[in-house]
């Protein structure tokens, strides 16, 4: 417990934890102050995501390579998953789907682009293992194709397609989860040497003892769930007040909030000239969203949602995700990076964000 | 003749030849048993395609490099061509187009994916010549772009576009056949050294004498044509009975049946750790469909079809073909393969197949 | 002046300069002979573009690396810019947008394809620096994504989207110009060594003295502007007479005319086995159209056009530009080229041109 406390004091990010109680108190006192609650819950989720990430890595580092890798791979996007589950239970499927697509776009364009940019400011040309980047980029491309191309193929009037979409989404989800399982077998067991350098473990921070880590994991997950509830409840009306479209909130805001902790790791890797780490986190996390988070949400929606969720994405989301994935493939293809590659990748992200921000609410 | 007989006895695949007479007898006795005839004709075409493939290679091996290469390149997809010609004469343009698009998708996703998977089960990491894979992948990409992008550009109501589509398809076909001719000049004459390792010839099987091979080629082509007629006649009603959409039959069933012989060669190459062979067959055969089979069908439709066929594909087919081609480019880009790359490529194929299977019949 | 005259006599291309006065005289005498004026103005623009290009390089070579590079990068597409500005002032936004998209497609498919083809006829296999080709291809891909994907995302009925499109186009333009500025900083200052071999300077021609060059630059720009006015005025009716769609004129004719001078440099580089030069000109010029010419036209339209221009492109143009950019990426990926790669790239260009030529006028 002492160690957890030390960590919190050392890292200014964790000072934001003060917002966690503030969220709950405000929610009790002013349940209708949606914009305030929306902003407070964002400020509270960011440090919680950081704690979750560090706790996962601590447990992973204590449990050996196989179980540890499994934990890292499965809980790496826990924050995104908890937020999405909360939105799912509230029946906000549009927000859930936008956050799935947005997490992939944000990881591949913003996380990768900012890593290249920050790393490139400090280092003239950065080299990294292009073999492993190509492998991960290829996996990500195939994962997003499997998840998004059915939406592109079946774009017709959704009224008559309802039943078709639902059945296809269920089959797709089962298939993707199976592939995800085989992917774990591949990256943790049969071919783990290909992924060696892409581990999440940061040299700088010492792992916590197992007890502290497990307790943190459990406690913080509950806190994230509780704060997510305030977030999901307030997001719709706050978006209207702040002039943001629902597509923008799901795609950009939720994705940035949920991925804050991983971004911190990726950027720190880039500054230390360890771009393999940054590329691994960005592409690996995006693959995990496509192969694990998305299908799990569909399967869980049969139990906790008001009605089953499908995997039919709006055309604009399909285009953005596929373009983002191809961009990631192309920019990592050569195994070299400079600051301007980062600028261009970030520019594509900004273009997407501006498009979503300005899109008339009736759009998607 | 003795040799042909020996071959047939030695290879269990050829035992399926027994279904050839069964098809004809059943067709005489029960012309309205569509589902039975459909299944029987599939079982009969697979071994015939195998004989055709072996006969082509035998003739090719006897006639020197240039003529042999020309024969292999032109007759490599003879089964697909004969089935498509039969469907063309019957005016089933939807089936013809679906089988053209499906053959490209099946070659690039299923044949390539299963080769990677099967090879990867036996060999930890398989390396192959990435220079030649890139060249072939690039040719395939350009071929499919030339064939499919006009459909994407001119997606409007086809009623008013009828005349435009027909003229464009004719110009396109002439252009593609010219490019195909130049491609033969390139791969057989001016730059044959770049393609050396991608020959179809299998070390294991001895070539037949020229007379046997030519007679087999002629006789089996006629048999394929006759069986195809039963197949095309029965496919529509059988599909309804079996709950398959026409899109699924053309895209998946016809493509798998027509390509069975080449798949056998590709998989055997992969198991022998000769992935160059597998990649060459898969990408080369897909290129040939786009540059030769498709335009020939359009040109021939002016003579044998009820009305000229055009090259306007439905949007979903365009998306799937272009995504499949890009997938082939990306996965072969590094010149290395493991079993999980095969799993992912097969997963994309399964996703496409599931989409087509569930698509409401009115869809495409 | 003597030197300018020598240059003109030496190079048969410049004999076409005789058409410049012919255009003006014909316009005075027969202002309604649209087809004649259209053809004459094309013949007059080509040599003017050549002079402009040579003058820019001469000024650049006299002013040191930084300023010279800046000039080359900014004035490299001066002809295209002047033609587009003239069309902009006349309110022909459809022509302006088609020429922007067409210039990118023509540079990446025709200029690159013809360079590969011509070079390949003379040299068996041509190798070039694939690192720098990949970098430039990646930049081009990102630039076209930023410019064109918003059109793909916001494809809905443009009536209700008018205001949205206008705002987005303005933001996009400012962003692209900023990125262009950072790109100059990158390629001329912080990482100029990566671009060293892609300079426009031709060994064969001696630079002119600064005074001659500056005077030529100023005078010829005015001449291009004046001829462009005749061109833009006559193009619509001439297109109807010659049976060409407006889309074809903008995409193909204007792009070929405007880029004639650069093409001459690229082809001459390819024949001298300096494909680095050809690839650099083709990809660099296409990037410049996307990052500089297009946004400048939008920004300028607020001052000189009848109403502000937006960056909403029709779906077919978006597909063609993105496919062309990816084609450029794939064919330059390996750093090797042969004549058949050129044939295929040119075939894709011909397919696009035929599609646009046949497209019913109401199409785009």
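Order of writing sets the chain letters: A, B and C. Residues in each chain are counted from 1.
In the analysis below, contacts are C-beta pairs under 8 Å (C-beta built on N, C-alpha and C of every residue); 3 or more make two chains touch, one makes a residue touch a chain.
If you're wondering where the values come from, they're calculated on a predicted model, not measured in any experiment.
*Asks:* Can you check whether subunit A and subunit C touch via the same residue numbers (shared by over half) or via different ones?
*Replies:* At the contact between subunit A and subunit C, which are copies of one sequence, the residues are largely different (under half shared).
*Asks:* How many degrees of rotation map subunit A onto its copy subunit B on CA atoms, rounded to the nearest 5?
*Replies:* 120
*Asks:* Averaging over Cα atoms per chain, report the distance between subunit A and subunit C in Å.
*Replies:* The mean C-alpha positions of subunit A and subunit C differ by 40 Å.
*Asks:* Could you say which residues in subunit A touch two or more other chains, in rising order?
*Replies:* 326, 333
*Asks:* Spell out the part of subunit A that touches subunit B in their complex, as residue ranges.
*Replies:* Residues in contact with subunit B: 131, 134-135, 137-139, 141-143, 145-146, 149-150, 152-156, 160-161, 164, 167-168, 171-172, 175-176, 179, 182-183, 186-187, 190-191, 194, 326, 329, 333.
*Asks:* Going by the contact rule set out above, which residues of subunit A touch subunit C in the complex?
*Replies:* On the subunit A side, the touching residues are 124-125, 315-316, 319-320, 323, 326-327, 330-331, 333-334, 336, 338-341, 343-345, 347-348, 350-352, 354-356, 358-360, 363.
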